[in-house]
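Naming follows writing order (A, B, C and D), and every chain is counted from residue 1.
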Amino acid sequence: MSGKVIALADAVARIDDGATIALSGNTFHRSPTAAVHELVRQGKRGLRVVKTAGAYDVDLLAGAGSIDRAAVGYVGFEALFGLAPNYRRAAEEGRLVVEEHACYTVITGLRAAIQGVPFLPVAGMFGSDLIPAREWKTVFDPYSGEELVAIPRLAPDWAIIHVHRADPEGNAQIRGSVFEDLLMANAAERVMVTAEEVVPPEALRAEGAQATVPGFLVDAVVHAPRGAWPCSCEGLYPVDDAYLSAYVEASKDEAAYREFLQAYVLQPAALAGGEPL
Amino acid sequence: MSDHPADLIACSMARLLADGETVFHGVASNLPLVAILLARATHAPGLVYLNIGGAVDARPTRLPKSTVDPALADGAVCRVTLADFFDLSARRRLDTVFLSGAQIDLHGNFNLSVIGPFDRPKVRLPGGAGSALLASTARRTILWRTRHDQRAFVESLDFVSACGNVEWVVTPLAVLKRHEGSLRPESLHPGVTFEALQEATGFELARPEALPTTAPPTDEERKTIEAIDPEGNRYLEFA
Amino acid sequence: MSGKVIALADAVARIDDGATIALSGNTFHRSPTAAVHELVRQGKRGLRVVKTAGAYDVDLLAGAGSIDRAAVGYVGFEALFGLAPNYRRAAEEGRLVVEEHACYTVITGLRAAIQGVPFLPVAGMFGSDLIPAREWKTVFDPYSGEELVAIPRLAPDWAIIHVHRADPEGNAQIRGSVFEDLLMANAAERVMVTAEEVVPPEALRAEGAQATVPGFLVDAVVHAPRGAWPCSCEGLYPVDDAYLSAYVEASKDEAAYREFLQAYVLQPAALAGGEPL
Amino acid sequence: MSDHPADLIACSMARLLADGETVFHGVASNLPLVAILLARATHAPGLVYLNIGGAVDARPTRLPKSTVDPALADGAVCRVTLADFFDLSARRRLDTVFLSGAQIDLHGNFNLSVIGPFDRPKVRLPGGAGSALLASTARRTILWRTRHDQRAFVESLDFVSACGNVEWVVTPLAVLKRHEGSLRPESLHPGVTFEALQEATGFELARPEALPTTAPPTDEERKTIEAIDPEGNRYLEFA
């Protein structure tokens, strides 16, 4: 396949240290884990991650030292395993700046980028300490005088979106929940799609406008089967609880975490993902 | 037979839901999920169940541990996105949202962000997720908390992640309601005294004249909860 | 069928004189014409119409005197028949106030309503006389100081959306182009759906989340087969050029227009629509 | 053999399109539609064709009279909404938009709103549709006008519906380009003199040193146009 299809390592190599990257999915679902692992393998530094609700992806990047800023509404392992161990440690030790958002302010910041405006106002929010903590300013409605919090544009350098199918032109299909992925794909300067399956050029068209993300927004297509593992990919595979449990367990101490990282992430063999522990 | 606090919480929250209303839960919300499905299976068949994956009125047949799981879109009539539900709340059309707080104060303000200073926290919590907007724009918020002690119910929050239209707070000890800006107990769970509740609470509680005991789940409710959540995901937060 | 299904006349009777109504579709496509005809039959007065690009629908309402304000980006008969004859006459004679919008400002005003904010800023537009003509104000980005045009909230009292299928709870499916319909359905206080087909309660769910408009937004469902005629309904029927041609021809003079209106709109028999001229 | 102005306009516009760019047309845009499909069939196979119905890169097999017709979504790879394309333009990612004006001035500003006062017009025109935003945010605008006379090309607009990044204006007489803020002829259609063009134009035109004749459609272009638009919808605006 030609077009925009390139190898995972080559696609990830295009992301510069210090870039702002938005990651698809939500908590344990359709995270672009194959690309996240490759970011760690390539030893990226100084990245800033954007996500409404992250879990393994953001935690791993924090633990590996790849990110030093996180614009996120939530990072945790839900009720499965509680707090995100590496994320938490990095923030508490001052290695990670948490640009805490409400999930809706991530969405609003992405919308501002999409709509080509430097900010968008939101309803509500007054009384939250996020306003002073994030140094968010307010605007006044020029018609009624009402005061509103102004959320600044949030424009990722890259959106990395894991999808079910993509064609070589970058037309990409997501099945089921789209989460904030379309916002990310539209707001970002560049888009990398990692796909469970790369289909022939005419397939999505022939089946009747099946693309979720139009190819003209996409810069790179990577064939990444099981590329969301250990997160779920709707209709294909569930969350790998056993892996995540082992990850959280290992993350309780730095040495065990490093060992785990070595065994499951830094080995290129781990790329395919999903070998049972 | 003594009910597990999870069952009491789920059941108490379910009873707060009215038929036909729109109700939303987010991440890490196993108890609200059970409450919503319980209400729909009992007194509120027309409840409109909205969740973080953008599913409208899904009918999950199996409860996952993650409340963002695709299983929670099964049987949906329509799929939109999370942004649509935030918008719905922002324009005051979302009736009820379930939220939680690591710390909750007398006014129903809550903290999901940090213990200690924001910039260099002693404990970095997960973050408020949608709370800051939802609590201030949804018609009402029902808070739940699986621990009721002076670390959870505090005189002063380390950080106000969110505040707004909190109407109810449901805990392992009691159901509290906000009256004129302050929480006060509305019912005490079986076996809990006002004194014990006050002892477990870091701020002073007004003592209402009448303080009934929370009605424990009926047999039908118990059976329905068990059918909805046979794997016991509602206990996850107590682990 | 029970639920929200009511007769067209009963649904339209719920719309008060003076209401702001948003109409689905775009130019000659999926306009809610059955409901528009019924608005005329019921002699509504003082309505304000909202649409990005209108054609027969807005022209008919203007000619019949049902609307006295139009918040629209475009009203015309495209290259088929040129200017909208009754709309034009009403505006030129001072019977209709045209609140001219750019289509994107209709969208932005609806988005403001959807997002619960009194205004939203837009990129660009400076230099257009629409800004002073519409008395649009500006805001300054509180971060950069950049000046932006602020579009006020546009919240219809009713959105009237013609759809392919709806169930009794108001869950409604649109096939193909959705145009601005979802924005309208979300921005409006109340929503009326007119449907080619009313399906059983579980049908859209059983086929797999087939609703485009979720039922909880919908107040009334009307069974209206061929309810977009003489406009097209994607996949079902095309634009009725012959009818529109006769309409435009008749509209050149007031008496002929009244006669046409009597024959094709005011007669309840015309309700089903689409009898060939 | 003399070409119909519609064919000259469509062909001249097609040649302005570069391979791979994103291009959008709106309502009542039969000539841009033919131009886009012609460009894609000839030198710009990778053109990304976007239209008002939200179709991405459709491959219509039959041209409808209305350029909003569902037929223009046939073969699309993706369907979004008009709002998405306006957003695309707003963030400066739409390469080319085709627009038209009832009146056009020296600077490429144009009027689609009213002749006479805005509040009580002598002629109520259709309205600028997307123009006010698109002309100011798309990377460039190509204007077309099927009449070139002093009523269309005016010294002073009755109303500025839109202004912005107009780069080209294509008419039955000439192809004009904006240089340093002012339109000037870039080529004259076969048989048109500069004097005739000036005579038909309500503002003074700079006369460039070299003023070539617009290359008429090649045989291949003529055949392709005919295959794209066998019913001659491109002539509708001349009726």
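Just so we're on the same page, a residue touches a chain if its C-beta (ideal position, glycine included) is under 8 Å from a C-beta of that chain, and two chains touch if they have at least 3 such contacts.
Predicted model, so just to flag it, every value in this text is computed and none were measured.
Visitor: Of all the other chains, whose mean CA position lies farthest from subunit B?
Guide: Max centre-to-centre separation from subunit B belongs to D.
Visitor: Would you mind telling me which chain pair, B-C or C-D, is linked by more contacting C-beta pairs?
Guide: The comparison resolves to C-D.
Visitor: So the centre of each chain is just the mean of its C-alpha atoms; given that, what is the distance between subunit B and subunit D in Å?
Guide: For subunit B versus subunit D, the centre distance works out to 57 Å.
Visitor: Report the inter-centroid distance (CA atoms only) between subunit A and subunit D in whole Å.
Guide: Inter-chain centre distance comes to 40 Å.
Visitor: Just how far, in Å, is the C-alpha centre of subunit D from the one of subunit C?
Guide: 27
Visitor: Where in subunit C do residues touch at least two different other chains?
Guide: 115-117, 122-124
Visitor: Indicate the residues of subunit D shared as contacts by at least two other chains.
Guide: Subunit D, residues with two or more chain partners: 55, 73, 79, 90-91, 137.
Visitor: Line, ring, star, complete or other: which describes how these chains touch one another?
Guide: Chain contacts: none of line, ring, star or complete; other.
Visitor: Hey, which chains are touching each other here?
Guide: A-B, A-C, A-D, B-C, C-D
Visitor: Please give the residue numbers of subunit A that touch subunit B in the complex, ascending.
Guide: Residues of subunit A touching subunit B: 26-29, 52-53, 72-76, 78-80, 83-84, 87-88, 91-92, 94, 97-98, 100-105, 107, 111, 122-130, 133, 176-180, 182-183, 232, 234-235, 238-239, 241.
Visitor: Which residues of subunit D touch subunit C in their complex?
Guide: It comes out as residues 26-28, 30, 52-55, 64-70, 73, 79, 81-83, 86, 90-91, 109, 113, 118-134, 136-137, 159-164, 233, 236-237.
Visitor: Can you list the residues on subunit A that touch subunit C in the complex?
Guide: Touch list, subunit A to subunit C: 115-124, 137-144, 146, 148, 150, 152.
Visitor: Can you tell me which positions in subunit C touch subunit B when the two form their complex?
Guide: Residue positions touching the partner: 113-117, 169, 171, 186, 204-205, 209-216.
Visitor: Help me check something: in the complex, which residues belonging to subunit B touch subunit C?
Guide: Those residues of subunit B that touch subunit C are 22, 48, 55-57, 59, 73, 75-80, 84, 87-92, 137.
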